[in-house]
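Take a look at the structure below.
Each chain gets a letter, A, B, C and D, in the order it is written, and its residues are counted from 1.
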Amino acid sequence: MDASIIIQIALGGILLGGLYAMVAFGLSLIYGVARILNFAHGTLLAVGGVAASAIFTATAWNPLLIMALLVPVLGLFGYVFYDKLLQPLTKRSHFEYTVGSVLVTVGALLILSDVAAWIAGPAPRNIPLRFEAMEFGDVIVSTTQAWILGGIIVFTIVLHFYIKKSWFGRAMRAVTQDHTGATICGVQADRVHALTFAFGSGIVAIAAVLYTMLFPVDPYMGFSLTVKAFTIIILGGIGNLVGALIAGIFLGLAEGFTSFFWATQWAPAISIVLLLVILVIFPQGFGWRKSK
Amino acid sequence: MLTIENLAVDHGKLRAIWDLSLNVDTGARVGLLGANGAGKSTTLGAILGIYPPSEGDIRYDGHSIVGNSPPLNVESGIALVPEGRRLFGEMTVRENLEMGAYTKSARAGVADNIDHAFALFPILKQKHNDMAGTLSGGQQQMLAICRALMSSPDLLLLDEPFLGVAPILVDEVMEALRRISDEGVTMLLVEQNIHRALDFVEHAYVIENGRSVLDGAKDTLLNDPGFSNKFLGLE
Amino acid sequence: MSNYRYWLGGAFVLAALALIPTSGSAYTTTLLFTMLISYTLAQSWDWVGGEAGYINLAHFAFYGIGAYAFCLSLLNGIPIALCFVIAVVVTSIVALVVSFPLFRLRGDYFAFATLAILPLTELLAFNFDFTGGADGVVLPPKYVLFEAYYLAIGLVGLTAIATVWLIRTRFGYALKAIRNDEEAAEICGIRIFPAKSGVLIMSAGFASLAGALQGWQLSYIDPTTVFGLDVALIPIAMALLGGSGLLWGAVVGVIILSLFNQLLIVSLPILQTAIFGLLLLLIGRYMPGGLLRSGIIRNNRWIGFLGREHDRFVKATAGVTMTDGLPLPKQSDMKGQPVLECRNLTMAFGGNVAVDNISLTINAGEIVGLVGTNGSGKTTLFNCISKVFEQKSGDIIFLGQNLAGARRDDASKLGIGRTFQIPQPFSDLTVAENIAMPLMYRGAVSASLPDALGLATQFAEYVGLTDHLSARADSLNLQQKKALELARALACRPRLLLVDEVASGLTPMEVRNFVNHIRELRDNYGITIIWVEHIFSALAQVVDRVIVMEQGSIIADGPLDDVVRDERVLRTYLGSAAPEAV
Amino acid sequence: MKYTIGLFALGTAALAATSLITPAHATVGSCTEPVTFGTTISSTGRYSTLADKWRNMTIEFAKMINENGGVNLKGCGKKLPLKIIIYDDQSVPSTAVSLFERMATVDKVDFFVGPDWSAMGFPVPPVAEKHKIPMVMANVAAPPIFKRGLKYMWGTPMPTVPNWSTRYFDMMSKQTPRPKTIYFITQDNPVTKALTGFWSKKAASLGYKVLGNELFSVELKDFTSLVLKLRIRKPDIIYISSFDSPSVPLIQQMRRLKTKAKDVHHALLSGKLHKQVGNDLEGVTGEIPWYPGVKGPYSDFTEELVKRANVDMFEYPWTMSRISAYLIMVQAVERAGTVDREKVRAALFKGTFDSPTGQIEFNENGYAHKNGAFTLQVQNGKPVIVWPPEIATGKFVYPSPSWQ
């Protein structure tokens, strides 16, 4: 077995896993702060990807520019979505909050994908940007991949430090860890919730553009991404971005190597089997904090 | 500085505070004493704005602050050391302190206030990079006090600050609180340990079942034969 | 009286449904068939979701597994009746197996993990040879709509009966207890894993029958049809939209959403799904408890009954013999013998030692006060004795039995009853139901639900909650909740009762009343009591001795009068300003 | 009492609502009312990516038939207008079944055209059988569907599994140097699997060495491992049996990792794939049932139809199957000369019909078993028909330079 083959497969796995982790970042932050199972999260990526592709087809803009355009749009969507539809539920009982948020997010999922399919067509699309390949011995990396990989790494680092160092990032973590404690410190919890929704949705916009540069998106594919993201959150721990990145890459690698050493058709199953096995061994996930 | 008049607070359908009045002068150290469930913590929560009052008035610096959100009250100089400390267990000591200075007006003074906190409790400086959740009970309580001080408050509300603090550390914490008080911070202290509380405060209010039943200066209370007995339960 | 109305109403509905194929079009029949299948799925989901409180997003996987098991068996020439049995058996086994990892999780984590099951089953169906892979399973093309329809009516009848049964039985109440508070449920003697696993299997079994019928009617299944994520959330949405946990919730949700969806499909060429989603979203936003919990329905004279909560369907048995006092057994006199012994008991959380090497003995018929400042380890000690926590080291011997490794329900069954410092009643159950819970589950003399409700009234009377019997526990005030805690602990029929701060906040009169109760419990029923309390005056009236804890250790143990004169106690507990004396 | 009344009220309301969406309708088979076809199209949901333009196309089809006067019925002595009832089955089989039941009993359509996909192709025909309504399905290609002994069901699938790649293999056998090895990559789908199943055996008998046969799920995004296997085995021909969108990352990653082969064949090639992978598709060969410019019966009609409906044939190649189904049903009705379902059934049985793709001949199972496809190659970003030579619009470039 050639080392270059292993490196090549690992590269593919890391890239895919990194993208999955990016989907999970926003969901993880949102869940940590608002404790809402946001079923529409992956669909937002799908719709964002469709929009990015449509913009690219029409204007041939640089994907970074498309990102810059989509981030505020999806961010605003996330803010309004929380503020108008979910925030009023916080005043209800815990039961009603849970049920209501499931209905609202499932409803949003259906609406988003159907409207996107109606406007942009249901056909899969992507951003067909091609860069030259670079070769390192037998390992081949395309510049697209390199850019995306670099993008994921830079973004994760920036995000990590932003959440670690910025006032808003601290507030998000504080609300995740102790809601009342954060209020005592002068954090406006409602606002942080809505802003986290905006922030998480903004991250989705970035993930959507990167994803669409590599893989096709269509309006109906979102929910399976949401499922992937939930899997990553369990493994990585809620609100734990580094954990999510590790979990995502771990899943990506597991899929890649299963495909090579066993059979391609079993690759997607491996992540779920791993999840269940890990749950049996560590029922509280890898990075799971004791929750109240 | 702080005046509460005929306060009533409801938790959902249940009334936790029925009729409470008290008065805290600027620079004073006032105690709020009473049994578990008497409504002490709820009173502090109501002052900060966590539990909006159903009736009555809370005035701070002469203005009514009823209906103000906690952030607004923190901004105007009230800080709470809450029951159960409410620290962020997975943030470092330093980050917890920084969170204490979250409000806009407090952000400028972060560095100074952290130095001040470290001077107050040097152990926190030693452990400034440790997660708050790994600290001992006493250290956590010190951190909670310092976090509240990060917003440079004029009025500090303390909810059982000696709870879970090892006896050898109690004196250290109390000494630190005295120093804070000497720097001009007004304090309202909730405590169930009467002797310890009266050791610290100048004036105390006693509440029972959500109503104020007794109040007086420290000496008055100590000399009241009924008071001590009532609280030791040996009437 | 009301019973017969249910049966009459149910029979009427089923009969009307059975007549449809003869009078209506085949289209109406398929439509209703789809609704019957949806109802079975939504309702059986709600047994786990609405009753036990676990959001199971893998429900659709059981539907698919049932469809596969059925179709594959039928294809192999097995008689059709047996095929349905096989579908249920196979699915139940799968449900049992997955319940081991899944029920190690709670709350939303459970939901996250179950969400991953559905893609896994889809992939397995794709990749295994015996499932036919992507080609699916092809049945002979028989037109079985009417046969399938009548079987579906039967299935719906069974589902409805099972739902009513759940509402009226001990099992259903175990689930309600689990939904509210698993810790308290165990304290009441409920073994929670078998209950949770049991309801998951039951729910999976019904889902598998729904899948089997659907597969039979379609005469073909493939992985995406029966495991597809795109339709998996719809039955759940139906149950939630109608009103999760209500008898009529799933029925109404299914009728409304199915008809609405069909109406959209046949009348709109575009955006049907978006409008369908909009309905879900609006209901979630404005009636988050479900349609039937909204005021519009509940306050309506004619259909208000649809929104009734489960407790309105169960009545106490009137014929329970009213004894004088409490229905507790008089315990054999073993005065002076040790009931509880703790030897070198240590409990720590992380590096924080909460109970530090404690040894103590409690004798039968004693009333022992346990005092100490907050955080001194009293409640942790209680939690160790009642097995809420497993101790780190040391032994707990109760009535000669070592409790090492015992579960909470074991402790309860052996005769350890307790109250919680912060009351943990089952919030959305009534007072009577709360007290009835341990009566149904505790020991060999467990009562049926109506009997237990009958007996509960006597406990309620004892603690002064007679007026609140049918009030929801979360509507009580703190003192009433504490009284309820005591009643529930007594209903466990304990030999050792752990009372955690019941008297604080009571008026002196109430305290005296309570003290009399404590004394009476010891004198009349031989219950040994450990009482954590801050109010010395209350303890003084009744305790035989007092144990003082500080920093996880016992610093004094003796009669109250001696203890309060102990300098060390005064200093640490009362915080005397007196100079330190060692 | 209140309860009982309430329950009755509820039941009545539900039944009333049911009947509201099940109105009574029309009679079957007169000479005065339009000839009615009923169909469902997966306009939304998972299959809609292939079918979203068909609703419009179907409406245009009926319009064009009616512009020519309609369907000619000898039995009535006149032309009757054509009406097509269209529902969206949302890509859900049980919905499709109930909609076909609806069309049979409520809308009372005369004939069924459609649906598509195996998931519908299995459960729907028993409905037609039960109501004795002839149906010509469109893109239902899985061979087992036609072996169930159903008597009211025909299909015009693209691809027809045994014939689909005939012309491609014919072409490859005439190339020098002759390709010797082949590697199959297959999407996990009944149709694509059937294609591979047939051609991997056939290829072996044609003298190829089959180096591998890899199945992948639509969920798979990272094909690195698969592509590396290709690089290790170095086949002459890479035969990809997949629908267009799941293989987008495959093609891209094959290019990115510099896969080499004499020819890369994507059996179900479409413009959608081309749109997404762009230049990466250069030199790839594929197959298409029909393309504007290829002359045959109804080819002008079809060209006009796809122009009006704004359907690009290369982008939506499966549209041809739908159009064929409609055309065949119209021809069958005209041949029967009446809307009598039994007579139309007799006309369809083992019948031969015209379509732009050539003659469509049904066997006794209702399977259009003789259809092939034209081989095309993407050259300079455009699809060029390269085989059979008599209709080719360009020359096959071999070995494919871009895959060297």
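The working rule: a residue touches a chain if its C-beta (ideal position, glycine included) is under 8 Å from a C-beta of that chain, and two chains touch if they have at least 3 such contacts.
Just so we're clear, the structure is a prediction, and the values are computed from it rather than from any experiment.
S.K.: Touching subunit B and subunit C alike: which chains?
M.R.: Of all the chains present, those in contact with both subunit B and subunit C are A.
S.K.: Could you see whether C-D or A-D has the larger number of C-beta contact pairs?
M.R.: The greater number of contacts lies at C-D.
S.K.: If you average the CA coordinates per chain, which chain's centre is most distant from that of subunit C?
M.R.: Most remote chain from subunit C, centroid-wise, comes out as D.
S.K.: By C-alpha centroids, what is the most central chain here?
M.R.: Ranked by how close its C-alpha centre lies to the overall one, first comes A.
S.K.: Measuring centre to centre with CA averages, how many angstrom lie between subunit C and subunit D?
M.R.: 52
S.K.: Using mean CA coordinates as chain centres, what's the subunit A-subunit C distance in Å?
M.R.: Inter-chain centre distance comes to 34 Å.
S.K.: If you average the Cα atoms of subunit B and of subunit D to get two centres, how far apart are those centres in Å?
M.R.: Each chain's C-alpha centroid was found; their separation is 75 Å.
S.K.: Give the residues of subunit C that touch two or more other chains, as numbers and ranges in rising order.
M.R.: Those would be 119, 123, 126-127, 230, 270, 272-273.
S.K.: For subunit A, jot down the residues that touch at least 2 other chains.
M.R.: Within subunit A, residues 114, 220, 224, 265, 268 contact more than one other chain.
S.K.: Give the residues of subunit B touching no fewer than two other chains, as numbers and ranges.
M.R.: Not one residue of subunit B touches more than one other chain, so the list is empty.
S.K.: Using the touch rule from the top of the page, what pairs of chains touch, sorted by label?
M.R.: After working through each pair, the chains in contact turn out to be A-B, A-C, A-D, B-C, C-D.
S.K.: Which of the residues in subunit A end up touching subunit C in this complex?
M.R.: 31, 35, 37, 39, 85, 88-89, 92-93, 95-104, 106-111, 113-115, 118, 220, 223-224, 226-227, 230-231, 233-234, 265-266, 268-269, 272-273, 275-276, 279-280, 283, 285, 288
S.K.: Can you list the subunit C residues touching subunit B in their complex?
M.R.: For this pair, the touching residues of subunit C are 350-352, 373-375, 474-478, 501, 504-505, 507, 534-540, 550-551, 564, 572, 574-577.
S.K.: So in the complex, which bits of subunit D are touching subunit C?
M.R.: 2-11, 14-15, 17-22, 43-46, 55, 86-88, 90-95, 97-99, 101-102, 104-106, 118-119, 122-123, 125-127, 129-131, 142, 144-145, 148-150, 188-190, 193, 217, 219
S.K.: Where on subunit C is subunit D touching in the complex?
M.R.: For this pair, the touching residues of subunit C are 2, 5, 8-9, 12-13, 16, 24-32, 34, 119, 123, 126-127, 133-136, 138, 140-143, 145, 214, 217-220, 222, 224-225, 228, 230-231, 255, 259, 262-263, 265-267, 269-270, 272-273, 301-306.
S.K.: Enumerate the contact residues on subunit A facing subunit B in the complex.
M.R.: 167, 170-171, 173-174, 177-178, 180-188, 289
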